[in-house]
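Multiple structures follow.
Two complexes, one shared chain (subunit A), two partners (subunit B, subunit C).
The block that comes next holds the complex of A and B.
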């Protein structure tokens, strides 16, 4: 029977070619869109490495022109007084951390004998605590580390994986912007966005009172209301004698940053949805038309002994075989992209996309074929034969 | 071989009721060649469809080859059509997308017959209608008479006990019609196939064993 169906398909190759091309192109479009969507979804679901809920940032004025002693005094007072507030659980001074701002600090070097490129952050000993980061090996900075022989450095797992094959680097010396001792590893620190890649990242310690460390990360008590900002604002303004600092909610920064990715993502998915609906309607129409054109054939087959289920099976097989050919061709072309390492995406995303596209196309075609085929099988043989 | 007792067929639509067959009583013995005549719309095709289990009678009893086929379920009906019956139609009903031999082997496809045997049997059937050399042609490449001979080959390839032919010569000129008729007569005589044939042609009817006349769904002779 399968051979018979292949014969039918082959003998009708002209009209079948159109259906085949339609399915093939739909597959390729789905593959492309899904690769992109899956890439982003995988990024979205990967750990950020820190909390954003109830975390606030404060950007103080530039302190570099001020007197060092005054700055020291002021920063100590600010640290103490902020911690005294009921809703503030932790306070950290950092240099240039700007989550979700698009700004990044990055450097490269080859002092180790090979090229290292990494994101950088200059933070104090409270930073991990203030952002609830996950230290997976070793420990975070302590104030005493500032006095040790070698300055400390903390890396993220991606750094270790990328440059040291994932081996244990605790207590090893790292030549990267000077000689540093690795004291800890965090799982991730994806502060460039929810959809950003997990890139190598290095943390350097700065003293709390450093003039450059003019940003604050505040770990707030759970569910601190937005109105609490006024209290924080008044306190900071009293102590710094300034009003031009900025307070921002990290969670909100994350959301507005993510919107830039969500919008094209949803637009693409909608286009894909419309494409699927279009392909489905087209297929449904073609199948419907074909089956109506073949009423005589259906009647004849029934007369020579086909059961009604043979009829529906035949029509479903016909379209499924055609679909398998189209999808096979689609996979053949699509798989070249990861195999030849074309494009910016990791292959795994495209393998997922191929699997899901195949699933969608097969489901779509089966759904479109079911009703017309069932209709064909219900056709009364005497009526079908009568019409020609 | 075929027995109809008080068989009636009524088509009901929303507005009208058509009595296509009205209490037909009929017995056709094995090996008989019966022709049916009557004006258009008198129920000839309906009678053939009812005998061929393509349509169910509204009332009455049908026995074919000693079996009361009415009580068959749909699977058994299909199987019966496949093994015991052969159909020939006025409009041939060849599948345009299949070659001649693939058209002929169609009934065998719904039996468990191997591809090799299908091919052999189909070639033999085509030979018996004189079309072995056209095996790989497509229906569109054949004349009307050739098409009907292919249809006959298809009807006999499964070696059925009964052939039901609805105006097999209706679309053919008299020369080709006679050719087809010769084949049917030969089948009837050599294979002892029971044949029921609807025709409009008195000359064709004269060559059969028995003539049945229908008028408005009733048997008049």
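The block that comes next holds the complex of A and C.
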């Protein structure tokens, strides 16, 4: 049977070669697009590490040239007055690393005896509370930690997993930008967006009155109306004696940031979907046409005793064998990408992409072959042979 | 003759509805997507105001200071030299860590070092980082500001709807004048037509509007802001001698690579004595396209970013074109025998191979043009929705003459590509074979 089918394929090698190339290319397109999509979907499904709903950011003017005492008093007043507002539940001061700021601060060093490279953030004791972060081990900073013998550090789970194999690091000393005591671990802090990588991250405590900590995170009461912003705006403007600060809604920043990834993603997926439909329709047309051309052959096989299911089996096998060859060729090329570590994506995404592309192609081809071959199998030998 | 061909092509199309549907579906959708892509590239990289000079631009976006730490490890080891124990010390110097700081430039640093490069026609510094919240009629308006100097208007040739740009003397005098974008004029002053001479209050300062520019339809940072102010009005917030909020655009006199090299060698003259944290200064000037590619795929070398993105794009595009083309070829090749009697008769009456070839390629082109027309309509509708939803940000897709010509070119290319192979096969058919299988 198989031998017979190979012979049939070989007899029409030229037109079959074209179909083979088409399936092969469709596989490559699917592979490329799905790698990108799967990468992003995996990022999307990982925890963000903080809440964005009803969270606002305030970016104050640069304070570095102001008098330290003045800044201290102003910041304390601002903290107190903001908390006095009905709709504000928590207030935190941070430096320029905060949700969707786009800023990155990174440092590396080998003081521990091996290389550590991590993102950094400089925040105060209310930061986790204001953003509803998940502290999975230990605790977050407290104001008293600023006076302790060793400054505290909080790490994210990725840091622990990457450099300490997931061990319990609470109360250990970490030599990273000086000696620090690990007091807590958070699950994640992907402040660059839903589609960003989960990288090692370390948090350092800064006092509330620090001049560099000129950004505020406001945890708002649920369903605070957008119009409330003007009230907050007036209060801040009164206390800071300036109007050049900015208030932003973190949820909106998240939406516009995610949109930048969703748009190319959806565009790629719809183009890819169209290509699949196009290839499927074309394949269906070709198969239908070819099978109609082979009425004589079908008639003869039926006349010498082949069952109608044998006929449909033959046609489906023919196209499936062709598809298998094309897909194997595709896998051969596609697998070079993760094996040779070409491109920026992690290999696991591509293995998924290869598996899913193979599945999609095989399903599509089988679906396309079903109808024409079923039609062929229903052909009565008398009608099939009648014309010749 | 051509009339005949068109007639024939039409007949073929209307004979088998299902195949016509498959063919036209593939062609029109493919061409629609290609047209949208062309339109996008035209919007971003087409030579139009205010980016007419984009190919001559060299941009100094970021400055990087780094400290590379070296560690020398001395290893004392005993080795045997012809049976005698000898102490041998080896020194191994390796990079043990580095710390990097990257930011945009201090304004003075740019002014002092990059203003008089040899191969540039003009240079501008600008600071696009500043946003201000303004409340107008109880709704919040966020104004993005670009603080720039006077040559900015020579390098980015904006179309002025009314008024004029600010000049060098206004910049030095710290004049409180503003050039605003059309969209801001609309949202701040409402339907009011005469905005020249009116005042906009930002950060408790009043700026007199002296010009209104047309909203750009592409996306580079320095041009999509709402408001342009003389940079002398901005407070330099960082007091750092190297870092600040400024970037620089250099208009090269034709040779961007030379300008890049000059900028790099100028950066070697910058002394690092004003700080003691870092020991190396790195400057990576980029062209406009490299700047674009860098945002999509980061590589330490911007040229490599551009290379990667270009290859990725070329690869995906050619795959995207190849698939529908192959699909069409497949369909056409398998349907050849439909037409064999016609070919047989034509050949028997003396038609040459090339005539048959022309006929079939021509037929295919007619088919593609019909598909192209549908694709054009689809693209038109898609463009409308894309622009309406603002899903491309500031980028506005539009149709114009060159877009139409490009589309036509794409159609012809597609038609010839997908028609040539089947037509070749058909033209080579022997008369006997062609006439044998089918009854007339």
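Simple rule for what comes next: the second predicted complex is superposed on the first by the 382 of 388 C-alpha atoms of A that agree within 3 Å, B and C clash if a C-alpha of one lies under 4 Å from a C-alpha of the other, contacts with A are read in each partner's own complex, and residues count from 1 in each chain.
Everything below uses one rule, namely that a residue touches a chain if its C-beta (ideal position, glycine included) is under 8 Å from a C-beta of that chain, and two chains touch if they have at least 3 such contacts.
Bear in mind the structure is a predicted one, so any value in this text is a computation, not a measurement.
Of the two partner chains, neither subunit B nor subunit C is touched by A:83.
When the shared chain is aligned, subunit B comes close enough to touch A:297, but subunit C does not.
Of the two partner chains placed around the shared chain by superposition, subunit C is the only one that A:230 touches, whereas subunit B remains out of contact. In the superposition on chain A, no contact is made by A:348 with either subunit B or subunit C. Subunit A has more of its residues touched by C than by the other of subunit B and subunit C.
Contact with subunit C, but none with subunit B, is seen for A:64 once the two complexes are overlaid on the shared chain.
When the two complexes are overlaid on their common chain A, residue A:108 makes contact with subunit C while staying clear of subunit B.
Of the two partner chains placed around the shared chain by superposition, subunit C is the only one that A:278 touches, whereas subunit B remains out of contact. Interface residues of subunit B, counted against subunit A in their complex, comprise 45, 49, 52, 54-55, 74-75, 78-79, 81-83, 87, 89, 91, 93, 95, 97-99, 102, 106-107, 109-111, 115, 138, 154, 158. Note for the complex: subunit C touches subunit A at residues 18-19, 22, 25-26, 29-30, 33, 96-100, 131-133, 135, 138, 140, 142, 203-204, 235, 237-239, 297, 315-316, 319-320, 322-324, 326-331, 333-335, 337, 391-392. Contacts from subunit A toward subunit B in the complex involve residues 1, 3-4, 7-8, 11-12, 296-297, 299-308, 310, 380-382, 385-386, 388. Those residues of subunit A lying in contact with subunit C across their complex are 15, 18-19, 21-22, 25-26, 28-29, 32, 61-62, 64-65, 106-110, 115, 227, 229-230, 233, 242-247, 259, 263, 271, 274-275, 277-279, 281-286, 289-290, 293, 344.
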